[in-house]
């Protein structure tokens, strides 16, 4: 029973934090928005070079064969910078599904390949314009389609760093990979949305703290006022009690049982709530500044809002927790329970 | 369109405030609890002498023939002192029902008579040990029973100034008054629970304000700390937006239509929530004092808790509002809507 | 208490409804903060309103109004929102400065400023905040130096709503050397006057709703000072009362939104979280409570009372209600919540829940942050020490 | 990360479960704050626990423990709560003073005080607060005057939990003339010593959970001082860390309550508000999150970290979770919520939701109010200015 991260995990996370921190700066956000773009090919090439895109692909399929905890740390770092590129969707959700269904597929050997994924629950697909392939849900099957067979209709997300499209496609023009584990994909999506939420939430608090130390009102820094302190302390408390859930969810998602599903859903709900709470607290602490386009906090809020609607609503995820709570024993000896093997 | 109270209404309210304020003091609460009592015959006699018990009885039945707004002001004053005696249940709910069913009944001519009322929804009856008669719900009918035909089993309410009993009774030994308007009784109960809630809430804030001005911590009155201010400001805000609902509910309850029912339920929900919020804020502001038996705030909290369970749960009342919202037009021109007469 | 409308009030409602039905544009105008075109379309709508004498119905007839009372004002607003009529681009004028002018202005000032305000010929921005004085209005540093019959204004204002496209602005300026609450005067200036530089600030929805204003030796006549020299703080507190109070946020606005929310819930309830019904009902309750509170206040004011610190409870209530209502709407929209409506798809009466949610987030911040409002309630209503 | 128990940990759980099944009283004991009899019944239970060497499993064997680690402690607590075993009457000793003694005590002090603490032979009260010093511990006025090998204690303590029936108490006393954080020492005294007067204070549930303590020239040996003279504030801050941190509120407590709540919901859902299901699920989520957070902290501490200001986040989380959980329970109970259970009807494992709700209301107040905790988080975790 050990919650600590390995040296390798910390190293990967450090690499992500450094890469994202250096390239995905507020100034870079501004440049991207100014040019109405949500994809930086240079950064994507660097990401591919680090191996992040291959982490969840088994070694047998040409990947690194790492686990969801490892990738969750990358997703958390991506959340901290509101990364525009589809790293989480492609490498965190689509690639491992493709590896399960078609381990010999050439895309898995190309670390720069972007695989878009479209579960039936999502009305739009992010970054569909740069995808090299599409994994599409229909009747429980996964279909693989090439970009030339997909009709893209741009839609507008509230998140200016998220470029979304409605898609039209013809199953006859796509490759039927057979029944796919969309529940497993939803689990991974939930865990990595939670991880991104943790990054978003902490960034919002950090931005607000920096501002509150600096900004003076009535002759002292606004951070010395109890109301400001309590807003931010409450947000930080929400973070502290979502992060271990996210880590535990990442560590257990591979179980693929009702316990793991409930934990993934739990992590997703509380992490995105923490992100929303932190972003709103940060906007409030910034005062009128927080409501201006030029202050970055709104980007965090909008990303959290976008993530909340994808891959199942909060009600869908709450129902998965209820299913675990009401059909399996609960209590202090059940914290780390697994479904007993039926073999 | 006028929300102001008449001089007569203000005079009655003033009488109630004075009578209750003079007799139902914190010292008197303590004496009653020490003797495990929840009824003061002297005070009850004074209450009867003021005419409060006859307010909702029509003049034709020997009463004052006043309206629910008039009585709501008395109930609000009763809430402010957490009045132990069953004034609201007897004079506010039972007496007008009896007057509708049996206008010639002698009890209506006795201002000191206590009529207990037992709707099917309530598991216990308050002050049943001092009741002169019981109005009991069965199959939509109202039965009138004398105390000697009722079996009382004491139960214990969390509210030490509320003495409750489970009752056993035999319809054969009671007088069947025929079908009764239990919905109307529920409406009145809701409005007057709301009125009591307003009194409880304001008392809690007042007690906390007095303490916060006086109590010093870290060298200044705790009332100068933003956290204390904001707790109490939030509670006062809840009061300010529940009180007009309560008054409007009292003013329209006689309509007896779906709009009036929804408003009564609305008033009840928000007024008792305000009472709970204010009492909990007051406990928090009092610090450890607030958690001691010797500080009075807990009595307000417990009364609010007891009222919340009687005459329909919050969910029951929410459903009545939903029924109005989803079957009738809503919007700014519908604030004071009435059911159109079907004549 | 009598919670029914008089026949005269009912007739007035019918008159308003009839006129609006004939005049409100079928398609929503572009937002007045989105572009100059949107702004001018709203100015044109103000002129249309004035053509029916609806510019500001509570003002005296001499100043472009109808001399009606507060209950009639509420009825007008109810019908206005019910009709889905355009937002009032001149709200800083008609709702904030107008009532203040009515109380503190000279007859000549009223005659000069009120009628073109009621007609939208002159559209006003507010210029309260400064970079170093947001919540702390007494920290204002901009100066007004008296020079004969003129003032010469210098300083730096920020977060001025409407100031990008408006004609006039009002703000606080202090006598050089004065401190805190003393020595400040409320002065008007034209936004295209020599020495005024406006820089747009975008809101988080991308609209240029604010401006930063730099004033360099801007010369205005002393006639543009409202009230006595040095009385600015006092007047400003009165204006803040109006802003938080009756006028700025009509109950009708939330009642329309709550009714729409209920409609959306009924249309989508089969695919949405069943537990959201409680929030839909709560949004309705909140909107009704706010309306009843305002009717009660209107009755009180009609009986001669003045609006006081309880205006701060209004500010807190509507701002929190607005966020809750729109959070509920987005939760019902579920996976579609993040998507901005396609341009041109919104019709009169449709709600842009997402944009309105983003707007609602500003509620706890502007017009005096909710933290400041809670301080005011605690200190002025409850009497807690500063 | 490895979120599975080792075979050794599993065997330990089985051992605890087995022993508790054989020893936990079938019927709940009367509450230790309710009467002397209830208190002594709990002392007897502590002796039973000690007979199985379960007094305080993390303590070294020499002091009555088993020398186990924090994960084993959590497992012990899980089984303890799962079994519905009696509350720990000596929690002020074993959870607060014990760890502090372990860190700051001399070998002789540890040998003197820890074993009878682990066995319940000596039961401890805390004496932190004074009438004029509640949240502001540095405002303590009680004095300790050195007299040869003794101290002479005088002063007035209040809100001392357990002090009505307990044997010993610990509290802060200052050198006369010293101020604020300086000159204070942490000193133990017997509650039946000459010069000590205890007055019970009833809690809002009617139990005499607190006492007011007046000390008039109470003579204690200098041996009863923990740490150096004047080091009291420093030690006290360490103790406060323990109180808010790992030990005082076991996750198991809330996990048991959340599971019971889920059971009650399933039994009553047909007659209760369907919307409460979200709250039931949330109560479970909260309890799980708290457990995971504590496991993470235990891992961190095992790897050599020290508990810091994040203990304040624990305090806020468990106190708010506890209130929410019990509010939900009362809402499910509906019309029955106000009724106190008939005496003698509660069996082992049954929850007295109403009394626990009332107890939960104290959570945001004691062990440092949540306002103070939020200040600590803001200042020490986030680095905001004082």
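Some notes on this structure:
Which chain is which? They are A, B, C and D, in the order written, and residues in each are numbered from 1.
Methods note: a residue touches a chain if its C-beta (ideal position, glycine included) is under 8 Å from a C-beta of that chain, and two chains touch if they have at least 3 such contacts.
The model shown is predicted, which means the values in this text are computed figures rather than measured ones.
The interface with the greater count of contacting C-beta pairs, when A-D is set against A-C, is A-D. Comparing the centres of all chains, each the average of its CA atoms, the largest separation from chain B belongs to A. Chain geometry summary: the mean Cα position of chain B and that of chain D are 39 Å apart. Computed from the mean C-alpha positions, the centre of chain A lies at a distance of 51 Å from the centre of chain B. Shared contact sites, meaning residues of chain B that touch two or more other chains, fall at 225-228, 230, 318. In chain D, 274-275, 277-278, 371, 374 are the positions where the chain touches two or more neighbouring chains simultaneously. By the touch rule above, chain B contacts chain A in their complex via residues 225-227, 230.
Chain contact summary for the complex, chain C toward chain A: residues 129, 132-136, 139, 158-159, 201-204, 206, 210, 272-276, 330-331, 333-340, 342, 354, 358, 361-362, 364-366, 369-371, 374. Residue ranges on chain B touching chain C, taken from their complex, read 1-6, 69, 205, 209, 212-213, 220-221, 223-224, 226, 228-230, 232-234, 236-237, 240-245, 247-248, 251-252, 263, 266, 269-270, 318, 321-322, 325-326, 329-336. Chain B contributes residues 121-124, 155-160, 162, 164, 216-218, 225, 227-228, 280, 283-284, 287-288, 290-294, 298, 301-302, 305-306, 308-310, 313-315, 318 to its touches with chain D in the complex.
On the chain D side of its complex with chain A, the touching residues are 1-6, 9, 13, 71, 77-79, 81-82, 251-252, 255-256, 258-259, 262, 266, 277-278, 280-281, 284-286, 288-293, 295-296, 298-300, 302-303, 310, 312-313, 316-317, 371, 373-375, 377-379, 381-386.
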